[in-house]
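Each in structure tokens, the structures are laid out below.
Next come two complexes built around chain A: one with chain B, the other with chain C.
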Partner chain A sequence: MQLIIEAIGFGIATGAVIALGAVGFSVQFGISNILNITYGSLMTLAAYVGLLLINHGVNAWLALVLGAVVVGVVSVVYHRALLAPLVRRGTRAIAMVIVTVSAGIILQYVIVSIAGPESHSYGEQSGSTLHLIGFTLSAGQVAIIVLTASLMLGLHLLLTRTTLGKAMRATSSNRTLARSCGISTDRVSDIAWLISGSLCGAAGVALAITTVSFDFSLGSLFLIPMIAAAVLGGIGQPYGAMLGGLIVGVSSEVAAAVSNPNYKDVVAFMILIIMLLVRPRGLFGAAWSTRRLMEG
Partner chain B sequence: MAWEYYLVVMLVYLGTDLLAVWGLNLEFGVSGVANLAYIVVVAAGAYTFAICTLGPSSGNGGFQTYIGGFTLPFPLALLAGALAGAVVGTLIGVTGLKRLRQDYQAVAMLVVSLMVATVVSADTGFLNGSAGLALIPNPFADLDPEVARWAYVAVVAFCCLIGFLVLRRFTTGPIGRTLRAMRDDDTAASAAGKNVIGLRLVVQAVGGAFGGLSGALLAGFIGGWSPSAWVYIETLAFLSCVIVGGMGSDRGVSLGTLIIAVLLLQGVQFLPQISSSPGLSEDFGWIILGASTIIFIWFRPQGVLPERRPRYLGKSSSHSPG
Partner chain C sequence: MSSAEHDTTPLALSIRGMTAGYGGPPIVHDVDMNVGSGRVVAVVGPNGAGKSTLLKAILGIARVQAGRVELNGADVTGVPLEKLARLGIGYVPQADDVFDGLRVRENLDMGGYLFNRAERAERMERALEVFPQLRPRLNRYVETLSGGERKMTAIARVLMLDPSVLILDEPTASLSPELSRTVLESQVRRLGDLGKAVLLVEQKAVAALGVSDWAYMLVRGEVVMSADAHEVLEKPDMREIFLGATAPSDEPGEAGAERGGMVRTSIREAE
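Up next is the complex of A and B:
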């Protein structure tokens, strides 16, 4: 029983990182209607930017903030320079996926050719071990849980309480209508890509802080739990992605504790396949943005 | 001689790549199923070929563990590889049957590809885990090495010939027209009485068999097969051949294979080696591959040799990934 409680604690920490990534991924899909697979490689980029900074003596948490800013800016440029023009040229959704996969591979191998294929580590960043209500977590994990919770709260307030958030939600649900209401949808989507790219960067550095060592495949392997979380919550819906991240994190850590730890990702995968076959709109049903997933 | 050996390697790679690209073009270019897990069917063929020829797992001092373990004759092992590709291809195809957006399906298949690789690498008892299978016997081991190499080229060429004849049955004539109709508008196709779901599964099976045969031939030639040979990005190499060549066109994708798989990926081998980073030319290969895919989708989505438009009276429809 103790084992399972510990696993739940671990799962919340894993789930926090997954939620960070999945929310950003979902926001991008919601605002631009693009499934951006480059996201995984952008997380890897953030992890290596963090590594560079930490090797130069920067504090790990400052590295997380800087990594988030760098990837946020890169995401805006990437969307502006490549994805948005392709969409304007009428490129079909399926070709867009191939473009984002290709761009991810290019970025991944640019990273490899600069940083080399070997594994890297941030060194000991997790700090002392804490015991909280039966959970045993490192200070680093607790910090990431707190960070995720506050970022999610911040995003919630942004989306619900500000004009910008209202404009983002309007653009997400109907771009044409939003534009005819006088919303500058291009600027709104730039800001959305900046926010989601920053979440992507934060998730990449957070992932590297919590893992023992990482290499260039960090982000592409993380795509499995992240997409599972996004789909579970109904892709395009940030709140769904938060809950999805938590569910995927906890269930895969518990499964790893009671069976073979190598099969951690299998749980996420099973969730994804079952959701796709049974309820592709996500747990919370048919928000406008997810309805677009169906052909009919 | 070195150049002769190089030529043999190139011809075998060209042949196996052609088979795989034809299969993927049948699925993606002709029928509109974006199978980003295509490399999994190639792997299924290769592993099946390996366990059909390696003999029991206790052989060779038992240094590798795997399920099955038979000593089938070479042609039967090839057939088994193709069959395994067909079965796995159909299973993957089932995930694509739900009427979802095509890009959503493609991402699901990408995740399938990542997942299968993770499981096979983790489970050492199934197919020897991440170390993979080695010492797969060469069918012509008894012959003089030079004759054996060319004999293998002949086998690959024969398989390509048979493959091409089968392929044309599906990409031309009534079946080809039906598949293209399904790709362009599956609602209209089913309204015209075509069994869209059945057709999709048949295409997945046939395309899978092509991939399986390609993998089996490759495993027999290299003598080994491991998860590092079929990471998900390998699918992109085939996809790139399809897009650069001209999706939906058999001639186009064959030319695309020649350009991408042979000229481009082999060409980077001739870049000057930098001793401090030996893997650099391979990294460059992937970067160029990804870049050429994006460039073609941007500037020439119909590819070098586009699919021929059907000549009907009145307005003709065109199809391209753009």
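Up next is the complex of A and C:
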């Protein structure tokens, strides 16, 4: 029993990182209708930016912030320079997926060519071990849970309380109608890509902080749990992705604890397939948002 | 087929010799239209006549291949939709006319996006005076509303912009006959009476003509007739021509396009 409780604690920590990534992924899909598979490699990029900074003596948490900013900016440029022009030309959704897969592989190779194929580590960043209500977590994991919770709260307030956030949701819901209200949807898209790219970057560095070592495949391995979380919550729905991240994180860690650690990712795959079969709109997804995923 | 002679009110919106489409062969051909301030102008015609394309070309969504769109005398051809909103053109599309996933209040907020918070609150009050039914539903998500309530939200949202020109694409589509009458008679007419220039595309021709000052009939992308809306309703021969072309949506199930084609021929012959 204790094993399961500890697995749940560990799952919450993993889930927090998945949620960070999944929310960003979901926001990107919501605003642009693009399933951006490059997202995984951009997480890897963030982890290596963090590594570079930490090797130069920068504090890991400052490295997380800077990694987030760098990947946020890279994401805006990537969307503006490559993805948006393709969408404007009427490129089909499936072709867009192929473009983002290809771009992700290219980015991965660029990272390998610069940083090498070997594993890297941030060193000991997790701090002391804490015992909280039966869970055993490192200080680093607790910090990431708190960071995720704060970022999610911030995002919630942005989306529901500010004109910019509502304009993001409006653009996500119906771009032409948003434009007819005078909303500059290109600018709103840029901001959404900056925010979602920053979440991607934060998730990449957070993942590197909590793992013993990582290599160029860090983000791409993490992509499936993240997509599973986004689909579970209802693609395009940030709140769904938050909860989806937590569910995927906890269920994979519990599965690893009670059976074989190798089954961890299998759980994410299973959640993804079952959700697409049984309830493709996800837990919170509206029919209209999921229609876009299924029909492209 | 210009109708500049029909009215002495200042022109808010003019379309001159417009040919437009989506990149392929043009869908509307050499269209001239005028909408004066405080006037409701209906564009009627059978399915596939190019009514929606015409509106989309005015709004910079479809491509204008020839001709121009003028707003208060200034050329606004091809100006992006978000800029047209700033210039005072409001638009209610036929479908997808509200922001799903947003509450009624948030939908109205987006209608007033260009204004500051205080101004928006004031405008929301005014919009709610026009649609008091929405007041108790302000916190509801629009996808939980009935068809009529969604349409009210859509029109209230565009009122938040307080546009000088309003473009309504089949505001009664998917509404019950009763609700259609209410929307046209109490809402669309009222917009004209508020001084706005209203360009109304409608398939329900009798109802649309009843609230309009002027009417254009579009068949296969061309204006085949333009006339005073009340005259059309009063003169049996004109009424027959207009309504013959557009009857199907008043009485669902009839083959509108074919009849429209016949009408076009008969008018050509008459000319």
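Just so we're on the same page, the second predicted complex is superposed on the first by the 291 of 296 C-alpha atoms of A that agree within 3 Å, B and C clash if a C-alpha of one lies under 4 Å from a C-alpha of the other, contacts with A are read in each partner's own complex, and residues count from 1 in each chain.
As a convention for this text, a residue touches a chain if its C-beta (ideal position, glycine included) is under 8 Å from a C-beta of that chain, and two chains touch if they have at least 3 such contacts.
Just so you know, these numbers come straight off a predicted model, no measurement behind them.
Once the two complexes are laid over each other on the shared chain, residue contacts for A:20 go to neither chain B nor chain C. By the touch criterion defined above, A:183 lies against chain C but remains apart from chain B after alignment on the C-alpha atoms of chain A. Once chain A of one complex is fitted onto chain A of the other, the partner contacts of A:170 are limited to chain C, with no touch recorded for chain B.
When the two complexes are overlaid on their common chain A, residue A:137 makes contact with neither chain B nor chain C. Looking at the superposition, the partner that touches the larger set of chain A residues, chain B or chain C, turns out to be B.
Applying the stated contact rule after C-alpha superposition, one finds that A:76 touches neither chain B nor chain C. Once the two complexes are laid over each other on the shared chain, residue contacts for A:94 go to chain B alone; chain C is not touched. Against chain B, in their complex, chain A makes its touches with residues 35, 37, 82, 86, 89-99, 101-103, 105-106, 108-110, 112-113, 116-117, 220-221, 223-224, 227-228, 235, 260, 262-263, 265-266, 269, 272-273, 276-277, 280, 292-296. Those residues of chain C lying in contact with chain A across their complex are 59, 61, 80-82, 84-86, 90-91, 93, 96-102, 106, 109-111, 113-114, 117, 143, 157, 161.
Per the touch definition, chain B reaches chain A in the complex via residues 34, 36, 95, 98-104, 106-108, 110-112, 114-115, 118-119, 122-123, 232-233, 236, 239-240, 243, 277, 279-280, 283-284, 286-287, 289-291, 293-294, 297-298, 301, 321-322. Against chain C, in their complex, chain A makes its touches with residues 163, 166-167, 169-170, 172-174, 176-185, 286, 288-289.
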